[in-house]
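Here come two complexes built around chain A, the first alongside chain B, the second alongside chain C.
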Partner chain A sequence: MNKSMRMLLVSILAISMFLVGCSGKTNTATEGENGSASEGGSKKDTLVFARGGDSTSLDPITTTEGETFKVTENIFETLLEYGEQDTTIHPGLAEEWKVSPDNLTYTFKLREGVKFHDGTDFNADAVVYNFERWMNGDADKFPYYTMFGGFKGEEGHVIKEVKAVDEHTVEFVLNRPQAPFLKNLAMSPFGIASPEAVEEQGDNFRSNPVGTGPFKFVEWKQNDRIVLEKNQEYWQDGLPKLNKIIFRVIPENTARLNALSNGEIDLMDGLNNSDEASVTGNSSLQVIERPSMNVGYIGFTVNRKPFDNKLVRQALSHAIDKKSIIDSFYGGKADAAINPMPPSIEGYNESIEDYPYDLEKAKELLAEAGYEDGFEMDLWAMPVARPYMPEGMKVAEVIQESFSKIGVKANIQSVDWATYLEKAAKGDFDAYMLGWTGDNGDPDNFLYTLLDKDSIGSNNYSYYSSDELHDILIEAQTESDQTKRNELYKKAQEIIKEDAPWVPLVHSTPLIAATKDLQGYKPHPTGSEALTHVEFK
Partner chain B sequence: MAELAKNAAEMSKVHPEDTASPLKEAWRAFCKNRLALAGLGIVIFFIIIAILAPVIAPYSFKEQELTKRLLAPSSEHWFGTDDFGRDIFSRIVYGARISLWVGFFAVLGSAVLGTILGVIAGYYGRWLDTVISRTFDIMLAFPSILLAIAVVAILGPSLQNALIAIAIINIPNFGRLVRSKVLSVKQEEYIMAARAVGMKDSRILIHHILPNSMTPIIVQSTLAIATAIIEAAALGFLGLGAQAPSPEWGKMLADSKQYLVQAPWTLFFPGLAIMLTVLGFNLMGDGLRDVLDPKMKQ
Partner chain C sequence: MLTYTARRLLSLIPVLFGMTLVVFAIIHAIPGDPAQVILGQRATKEAIETLTRELGLDRPWYIQYFDYIKSLFTGDLGTSLRTRGPINQEIWPYLAATLELTGAAMFIAVLIGVNAGIISAWYSNSWFDYTAMILALIGVSMPIFWLGLMEQWAFSIQLGWLPTTGREDVRDPITAITNLYLVDTLIQGRPDQFITALKHLILPSVALATIPMAIIARMTRSTMLEVMKADYIRTARAKGLGMFWVVYKHSLKNAIIPVLTVIGLQTGLLLGGAILTETIFGWPGIGRYLYDAIGYRDYPVIQSGILIIAAIFVFINLIVDLLYALVDPRIKYNQ
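So, the complex of A and B:
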């Protein structure tokens, strides 16, 4: 026994030595990091940021996926920027802008003296080049460009023309007014890329990005790490504060937290609510909250029986105890959702009252609908942790139990994430759990994107179709008077509340954990932000 | 253990009146094996718990009380509560029903099918034997849990399908065992005699071969129940067995694994329950083999 134990120890030692040998490269990298840290005094200037998944591309316009934007926000800049932790509009690469009275012409005065990482000048021609590139693509190549209503030549396309007036002035001419036009321009996918690099790299640009941002791209090892280094020529003096950022991939939430406690990483997103206490209890760590701009919900596929009956949907809305769910599985760090969009967004209808948790009322409504004995249904729960729903399965179990009290037998189902989304889009589910994180802080990005009849087949998984709602949402898109727009959206929320195609569950506050000496990190509600002001104490 | 059984067998030789009833003799030998008795005790204990679950369990196994989640063991909740505020003791008590039910019926299914196939392969031989034995070989070439996962993937995840999957993967174990036993019994003189007097195949099979091949099946069944319970728990852990809110032990483990540090009792008790039942069946099975296997008796 003793002998075999010794053999075991020896072989473990041998294996670990072998492994250390294998990772020699990473080791030298770490030494390099330490070296640079000592050069700049005692201050640490390399940040290791770990997250759950790798980026799919580093050319932000080619994807809609959030892990990409977390990185590209640091490499690329947009004409306009959002506020530090909100979606108000601020100057970015454009210093100032003018809007014509008919809301059809936008003139941008560009910042002077800005250079791309490859040394070429940022100017009006570069902006025109980027927009020409995007509008001549299609939804497969540049999916988020559909924010501008479609592509060149398509009927809905909002942008008629982008032209360079002079070296530092760009003019956008629109086909029709688009109320959230400026907010759209600030979205991460519309970062301005170096035309020369795009031409030179072709398809490889997605793995060799060149922008004007605070950090330059260094290397990308798929599913392992992305390394960025400081852009010495950055146009804002004294920024960025870090010298180097390493984005690492650690899929498991708890494994990532372990890496943080061990000091392997400095910052992680996707902290489980149930792990929050262990972070706050650790004197060398801190919890940072991302401002909430999302909604987690249960959707009913309204063209399937018995969910085609409004009374059934309302009955089930009465049968979910949102407060208990939030207390138990969000650590109390979420707001019960009443409307399909979060209260932080303009146009939110404060006067709508939620369906109270009331099982008697629910039974009454079921009886009225002709289901006094209840029915059996499938409740689909997402298999993965999402920012708006870290523990979908558990929440589903709570709902299953509440439903059983009004005679509705819910069978919890799940399937891998890609298939889940595919089946949801096809309308294969009776009821399903999903959520949405806002892209630009506009109500259109929630109500129209998720519940308009135009969105059936893409993001309207409930197959909810209301002509009345559609007319209002389209009117709101072209309306430029913000007060009138807000009124329209408030009306829209009333219609949705009455029809109850969803039970909005929560607006969650995603948690981030970091080492104590990290400062200046301000998470943005859209889910991605540049790390320009981050530094170590 | 073998020693004990041997002693017992020798002792029984000394008392010629005992040899009249082999069953009695086996029982006596079994009683001498303390570990086997302990195993039997554990098994009976869990069977009683399973039968009397509604009487024993102080709470419902599915009623949630979210204000009382993750409470440590106390006089009110003996084993604490899980993340839905459900009483873990009550869930374990009801879970005994599920595990024993899966264990017994999965093994019953595979024992019946395995015996039929084994007898056919062993008695008729030739191409039937080749087909059946090679199929068994193929099935045994897969890691059993992988095969079970494949079966559940085809049938869809549920407790019943997990039971079917476990039954299927255990068929070859029984089949092979019975086949080899039949092969040796077939050569016995009394079988030749039966055949010589013109007895029909079916009669020989039912009246002579099957009864004489029974002991290894009984031993194998007891041991197989232990594996079946583990396999059911493994499938439940992977989300392929019992579905929420069922208090299946493996599923209870899976549902609580994130609370390992925060609330270890949510994992400790279901784990202990699995361990104890499996231990019980294994000890009992070993004891049975010692007393029933003629090779050990000599």
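So, the complex of A and C:
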């Protein structure tokens, strides 16, 4: 019996030694690899960028989803580019542009000598081809219509015609002036693709993208990795600095940080606020902040009782302690929101004062509205984490607690994300939690998109309808003088503040972590940026 | 046995057919509109209606169902609504990743679970027995999420022995042939990559193995305890046979059948239920593929994914049934 027992123990020991042996060997391999990168004199030139989800497509016009743009910003370029870390407009594939006095004709002078990754020329015909492709699409194919009012032939469509004047000049003729037109052109979805590749690939273009950007597409293994390599023919001399970018998917934020700490990746987004301290405490890592262009809010569905009463909405606005929410769930890395749009966007009204956290005032307003005994309501909490709302359920609990102090019993509800959006669009919620990240850095993209009566049924989940606001927002859409537009938007924010269809909660600052030797990475407020200037020390 | 196998395989057809109907009914009963999810928050009402029509989701459900079944018979699993790719091609890399992970996890679970169960039974009520069974209890109740993160912390960050996430070193990617990376690296004669792939496999498979390991250990112990009270075991011991022979030649054969059942069921469960492990370890497996699909209401992927998992589950159970006859010659299937 003892002999058999010994045999068993020996075999177990052998197995564990085998396992340890494997790990030992592999560990040396990794060390060797890292060593050769830093000590061997050759500079590290491959960047591994880990994020929470995979792209759904690599043809940027086919989606509205941010994980796609993080990749495609490196493959495609737009006619105009945003500023390094703001949404001002700068030359991109178009070097200069002219606007006619009636704001209906835009003429772009294109950059010469630019080639697509497949070797074909970038020229006016290519631009026309791309716009024709998008304008003749439909909602199933391209979300183009969300920014340009529809498709060709539809009533609201902004662009009448795009034509090539000569090889390097393109003219856009509009049906009606659109104030954020230039900003829209700079958005990631409108990256110019190689016409030849689009023709050749057909439906497969979404997994074989060809643009003019600093990096060329190499490989996409779904839910695992996307590999890009340096475009040797890139029109900007000396750029990009990296030789290769590998995008990896690691869904869990803490696991992603573990991978960063272990040297498996170089850069990660979606750092938990609660993990920030451990990154700053690690001498080989750094925290990078992405400038905020979002808003997280509590909306009231204003056609449901008692939220149809402005006093009730104002009372509840007084009963939410934004500061303690920010301290508890955003690690202090967020601004308390006063208006529906963030201060980084021009036209932000700084003179508006927020409803202070004041439970007595809230009770008074409730009494005035005829609800001195309070009421019962459903408060819907977001089931998914977003930069503007990392922990929806917990925030809802804090709000529930403070509502209870003014006699309002809030029952927290939640449902999966798909159903949540559907119910919100139908106006099925009493009060709900949602947010928005800006597309093009224009106030219109917040105020009109989220709160105009035209947007009821899509993004105006509050069913808030104000004719006064509508007139102002429409005027601002057609006004070309930016100063005048800003004044209009300031007025709009006053109306919204008074009517209180939302309690704007926060403008959050998304956190990114990277290895210490990474430099030149400037996160863009829109959430995606080209990694052209990124390099390792 | 052959007739039996053939009969069992034939009986798969109604089972899988029933599965398609149940899955189809459930996913169409849950609320949430795929068109809304695909188009996102920025969609207009008209756009959603157009897309619903184009996806054919406005047709009566029974027509959608028959279309689905029709294409299944031609071997077409459909097209993903989200990625627009054919599921036939898309699904295999995910499935292979999960098979590799499940295979490794069950290897660990069976090896350690069965042996721990045997030793516990042999030395029942000893310190080993108590420790093993307490560990098994902890194993069954351990949240995998937490365990996974702790493993990463201990074995990757603190000790630096193993990588935290993924299937390979992305800086030296493995060329996929079968998508079973242990096999692929061997085919390509890359022992270095084989070791890397194996190293990536250890943490997730250990995390995934904990629960089945614990269940198998407890099951083995209890059946072994019964068998060991049997007269023929006493005889074997009395004639001076060593523990090894008594256990592995006489007892285990008689005790293994319930354990085999558990192993079969657990393997099936791991195939579809490894979502948490796959999420923490960034493992691109079928669980996450399905999970994403559910979030997007990607009906074709959900249907086909569940169908494939169900088919594998039924197959595994068939194999287990056939193994019974192999282990215990008294079991015959041919009548």
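Going forward, the second predicted complex is superposed on the first by the 494 of 537 C-alpha atoms of A that agree within 3 Å, B and C clash if a C-alpha of one lies under 4 Å from a C-alpha of the other, contacts with A are read in each partner's own complex, and residues count from 1 in each chain.
Going forward, a residue touches a chain if its C-beta (ideal position, glycine included) is under 8 Å from a C-beta of that chain, and two chains touch if they have at least 3 such contacts.
On a predicted model such as this, the values are computed, not experimentally measured, just so you know.
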Per-residue contact with chain A, leading partner among chain C and chain B: C
Touching partner for A:Asp203 - first (chain B), second (chain C), both, neither: second
First, second, both or neither for A:Ser480, with chain B first and chain C second: neither
Contacts of A:Glu401 with chain B and chain C, given as first, second, both or neither: first
Which of chain B and chain C A:Asp224 touches, first, second, both or neither: second
Chain B versus chain C as contact partner of A:Asp327, first or second or both or neither: first
Partner chain(s) touched by A:Asn136 [first = chain B, second = chain C, both, neither]: neither
Partner chain(s) touched by A:Thr254 [first = chain B, second = chain C, both, neither]: both
Residues of chain A that lie at the interface with chain B and also at the interface with chain C: 254
Interface residues, chain A side, partner chain B - complex: 254, 272, 274, 277-278, 321, 324-325, 327-328, 393-394, 396-398, 400-401, 404, 411-412, 414
Residue ranges of chain C in contact with chain A within the complex: 30-34, 36-37, 39-48, 50-51, 54-55, 82-85, 90, 93-94, 111, 115, 119, 148-149, 152-153, 155-157, 160-167, 169-173, 176, 192, 195-196, 198-199, 202, 242-245, 247, 279-282, 284, 288-289, 292, 294-297
Touching residues (chain side chain A, partner chain C) in the complex: 1, 3-5, 7-8, 12, 15, 19-20, 22-27, 29-30, 33, 46, 48, 50, 53, 56-57, 64-65, 138-140, 143, 145-146, 203, 206-207, 221-225, 227, 246, 248-252, 254-256, 258-259, 261-262, 264, 415-419, 421-423, 425, 436, 439, 449, 457-459
List of chain B residues in touch with chain A within their complex: 62-64, 66-67, 69, 83-84, 239, 243-245, 255, 258-259, 261-262
